[in-house]
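You will see subunit A twice below: alongside subunit B first, and alongside subunit C after that.
Our next item is the complex of A and B:
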């Protein structure tokens, strides 16, 4: 634009809108103060497009800067780390909007916007976010195209930007694959205060929950190499809760008995699988019961739970092997003490119940069966919205309310076992998972969180029992989709109508397809780190750093060559045949020493040469008329062209 | 011979001064004539990419890496696009019209886009910058202006065709040395001084009469007729060009003599003489012109006028 683009209304509207788009997703990530401050500045600038006199003067800008810094300080005590840094850039972007004087400012804002765009990825790396940022990148580039265009049109600029991006994508992908990844040194990692992430907690207090949230958030995915365990065996082991005060269940504080544990023996066919964990706050890795082989940073604690010494705040992948049947062997003294601990003397009601179910006078397995039958035959219900049980939750649950979810059943079960002097504990984790038929992997969501019981039996070691599975199917509250929550296969609904089933199947299929895309996205894009890269590239024989760089440069060179050919090769211009014929005429005239000047019209030229070539004036006139008619006329005909050609041939000088 | 051609081909002056045009033939902008370097904004973009890569590295974030690589590729590809915004254009020198010293001389440039690619925002610079948009298979004619100071020939110098399209990250430019030159007449003196007495050289006692105002008829237009005497109304009606004839014009005849021009220096005198020529032509008087070593018989009209001024410019 010839005039100053910083005063061009359309450019400003275009730029400010794209800035708004770039910052928009941060509404979920940033503190409302920072986001609100930015929105305030953006709105002010929008007003300034039409009322420039309303824009802040220098002292006001100074005041805005100070208040921006104050917000930053109050929120983050600085600008290091992800949140602080993002807030800093967002605030800087907002402040820069207040001062747009030259084209340079427009570019600076544009560049700042790209940094804010990158900061979105620090919070979310989904396909949708990537697509969104790609779109906004296109808009930001279009602003630049707009600035550098003569006649600016939004659609044309957007199209040009899209074309440039489309041409840049193959090269970017090649560089992405081949660019050597090095892990950042530790000191570079800024510590962030951790965001609250949904997940299993290290304690449970079923009596204090009246509404168990069912989140569809993904926790991890599992891809099996070979056999897949049946639904009943899909118990993903998490924290083991041994200690209780009667209300709250927590992990054992002292796990030092690990060195005295008996040797685990495994039986049956092992399952080999890859676990892809979503970012977690805790360092728990949910392995299929019972993990036998696990890679290096992982460790198995005294309760057979897998832990990692690494941070799990990024997606991480583990290759594991688990055995469905196992024997943990003898019980250590500590375990024996902990697993029989009762918070106090059990009530008469409880003792009576245990006696009634032959807890005191028969072997453990008989009592266990009796108890599971009790749950099944008595009026116990499964619900996600149980009543509040503040005092004596176990007793209240067993004798009064009889409504509860897995934690109620598991805790009551374990408590009763302990009353009968049988070592028992609560195991939490996830159960089941949905099979994705498209991608052939299992998806485990927060809603799959589960609690079950483990009982130590002589000669068998710790054995898993799931009291929730014992609830009669018809007693499950149907208004909640908890099919996944209870052990697979044991509970089923009456089949819905055929039509609804078809729709449901279709939706399920679509969802699975999407999940599969998402899985591969996470596996191959988000989680593509130096280990992945090395193993992926070595399958192409690219082993070391140097070869990687050579390949990268080579392929980028080839892409450049193809693009150059595509962009710069000009097909020989298809010339108008009329022009070819007319050029013959010009050549003839040139022999007489008369040439057409550039910019001189055919008619002017004819007038000029007619006076010099008087004998041919009439023919020249005819030729010129025919030429103009053929070239610029409304309906050029083939015959007209032949006639023109004939006239030129006949022209004698 | 060969060495000379090579020298010419890779000489630095092609970079700094530009390619010479030959005999006003059109020059096609190609890889030999187009230079390309990042602009300051382009360097800034490079810094941005580095910063994004750093963020990606610190947070080990693959999508941030991807964004950095994408912008890097875009940066790279923009080189081709910017080159493409000039490649294939043909530049041809046009006419340069004579001017009086102190005025801006205009140099014509014909730019032809024989390709099927639309050109956005191509800029041409001499002293001032002109910009234009060229549709596929179209031409543009521009006049570039350069201020003149001294009479004589004023060379066009180097004309630079450049573009920063599409993103402003790179600047492709092609300097072309134009051969054309504009003739610069002396600057007419500011003060109006009466025409010199002409009695000494001409016996006829010419009574100076400022233009005849006695209209006596129309006559077909002849090249050289003063424009202000054209009968525009008739022309507008489509009747053709006619010149209004006034009586009394031929009666006045003056001689403009360098010897009689006031002034202390050569330039001052030429300046006054120039002023006389301009005034006489405007008045429609028949005037003779005398410079040391040159004598033009009285006459008037553009051809005569131009001859006098040319003589002044090149004296």
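Our next item is the complex of A and C:
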């Protein structure tokens, strides 16, 4: 090319814009210092397109390099680990922008940009991000096409790049399925600082779940292999809170009584399901109450909560079996002590209430019913924005405010049980979930976080009671619906009109559809690790590494061969009947080893072959004349075509 | 009519030896109403060719020797004050002839070169606001020295485009050169030539050329060639629509000279180098080499 593409304004604008697009999502992942540094360099380079004299001189570049290194060191203490490595590449990319001198520099920047684009996947693997990266890759390829085209047009370059990507898709699929997967050792990621994820905490102060009540963030999905439990049984067990100081509820510090626990007996039909957990900070797995079968490395602790020894910082999948009804058997001494612990002497008001509900003079089940009735009949309200209860929260709640959500009810319920000498504890977790009709799975969101109570009853073991259900039975039957859950109207929503309802239904359906796509993406693409690959491939009889590689090379080879043959022999089919007939003549001649060159006219061809096929020279001459007459002549006739055909049939070699 | 053409060719071939193809192209160019550019080193017979054709076709012939100080007025003429009648009178320049040989056109400055532009394209000249028609038929044969020679102003693309064809004569083959060296003086030979085709006859032939049939299959091929030059990386810029028209017109004349009435791809191929060579200009002056990729790669169906 005549001019240096490194000084071509259009190319530079195109390249720099695409690089901006690539680094853009890193705004969520990188430290603002690194991102700001990059943006500064990019902006500088943009100015340099029009004012090249403003670009940094060598000493300034040196200074920039030093400052970039300083930022890297201050932020990450080096460039190891995911964040440090990504920052290094982003800073290097920004610095390289400052010295675009030759065509080679453009290519180098382009390749660097591909690496940065790939680094996005270290942070986010959603289908949207994949689509975005694919788009960005297309733009990067288009820049390469643009640099190498004589008549550069952005739209043409983008189109060509899209075609290239589309052509690469079959290859990518084959390699994705068959390429041997290696699990990255965990130490490779040692420098990661985890983004704090919201979730249930291991302690509870009524009010601490307020935030969760409204969050639409997905926690896990459940796909049932057979029957689906009714809404009333969908309690997903989390931490069990036994200890309290009157305000705050925490887990029991000592769970060593596990070895003394009675044997669990299960009843009813088991539910088999696959749990797909979103990334979590804790190692809790929210199984349906009560989990019976769970794969390694899951473990069930003394409070029947499932824990995993692995980190849950990636989406992970578990195959579980749970029984809706069970009997935990006898109570251990520790449990008995813990579950009756009171932070101090209960007040007169409390004692009076317990006595009034026959807490001291009747069997536990009577008292429980009395208490639930009390919640139902007295003026208790469910609200997500309860008044502040700093001193004696339980007493304030029971006698004064009477506005609260699940934690208030569960803690008050358990406290009153303990006052009546009945062993009880608070269980936290999730309840309900929304059924995705498109993908046939259940979605549990942070909004479904819940707290309920467990009471130990003789011959039944630990039994679940949900005092919140007493005031708001709707909550059990349906997913969270604030307008119904707030009888006091503290949060009021206008009743949706019919039209709005239709829109809402449509949106809901669309959301479910999307959620299903996302689920399958997780299930089949992101979670396609070495174990899943092995089990998937073994269903095709591909058992070991070697066969896998052979298969991959074989299929890639076949695709390459098909594509090359297609490209080699892709010729437009003639539509002119004269040409079709003439091509038969060419075929006949080709048998004698003589082929027409692409740029050779019929007459030239005839002259060439006549000397080789002397016996047929006259016929060849006739055929050629007839062909030229029909194809290029003034008056092509049907008869002439028939004559041409006849001559060609008669031609004997 | 065809006989006359063959006669012209035969006579011309006796004067200029061993250049049958070039002579044929020159006549083809004339029949297609185009102007001819002959590019070669001095002394290979450029002037002789022009002179011979003029003589054989009975046209008024005038040679204009272009030099670096030639002015437009020296070509198209000027108004001179007539003392007797007390008025300006236009004195037509050498351009007012049926056949004009613009010798060594690239030795003149662009200003003088451009004086030819209107004349070639419109067959008329405008002096001081008055337009004068040029005689018909009007045919310009320009010769130019290879541009690497000292004291040349290369013709701009716009000027080159005015020439239907550019041909090179080249050195004669040894056998013809021998004849040339031993034979009689070419100039005295030219003076013995007689007119084979009157200007009126020539105009009739030119009219007949336009009636040659062009099939859609041939147009496909023609367009494929044009598109190839526009898309192939081998050419800096492709053929213009005017170049496409020129190609077709020249091919028609070639067909006509071959006594056929429908253009076939071979006709296009025959004139391609002469018509497209100077319009593509891919840094190379050899027309045959310039169009070789087209002939090899554009498929004929």
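Rule of thumb we're sticking to: the second predicted complex is superposed on the first by the 525 of 653 C-alpha atoms of A that agree within 3 Å, B and C clash if a C-alpha of one lies under 4 Å from a C-alpha of the other, contacts with A are read in each partner's own complex, and residues count from 1 in each chain.
As a convention for this text, a contact is a pair of C-beta atoms (placed from the backbone, for glycine too) under 8 Å apart; a residue touches a chain by one contact, two chains touch by 3 or more.
Since the model is a prediction, treat every value here as computed from it, not as a measurement.
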Which superposed partner A:631 touches (first subunit B, second subunit C, both, neither): second
Partner chain in contact with A:296 - subunit B first, subunit C second, else both or neither: neither
Touching partner for A:639 - first (subunit B), second (subunit C), both, neither: neither
Between subunit B and subunit C, more extensive residue contact with subunit A: B
Touching partner for A:130 - first (subunit B), second (subunit C), both, neither: first
Touching partner for A:9 - first (subunit B), second (subunit C), both, neither: neither
Contacts of A:179 with subunit B and subunit C, given as first, second, both or neither: first
Partner chain in contact with A:598 - subunit B first, subunit C second, else both or neither: both
Subunit B versus subunit C as contact partner of A:263, first or second or both or neither: neither
Residues of subunit A that lie at the interface with subunit B and also at the interface with subunit C: 150, 598-599
Complex interface listing, subunit A residues touching subunit C: 150, 574, 576, 579, 597-604, 628-629, 631-634, 636
In the complex, subunit A residues that touch subunit B: 2, 82, 103-104, 107-108, 111, 114-115, 117-119, 121-122, 125, 129-130, 133, 137, 141, 144-145, 147-151, 160-161, 164-165, 167-169, 171-172, 175-176, 179, 182-184, 188-190, 314, 525-529, 560, 563-564, 567-568, 570, 573, 598-599
Touch list for subunit B against partner subunit A, complex: 26, 41, 44-45, 48, 51-52, 55-74, 76-78, 80-81, 83-84, 87-88, 92, 94, 110, 114-116, 120-121, 131-133, 137, 139, 141, 164-169
List of subunit C residues in touch with subunit A within their complex: 213, 215, 217-218, 233, 261-266, 269, 294-301
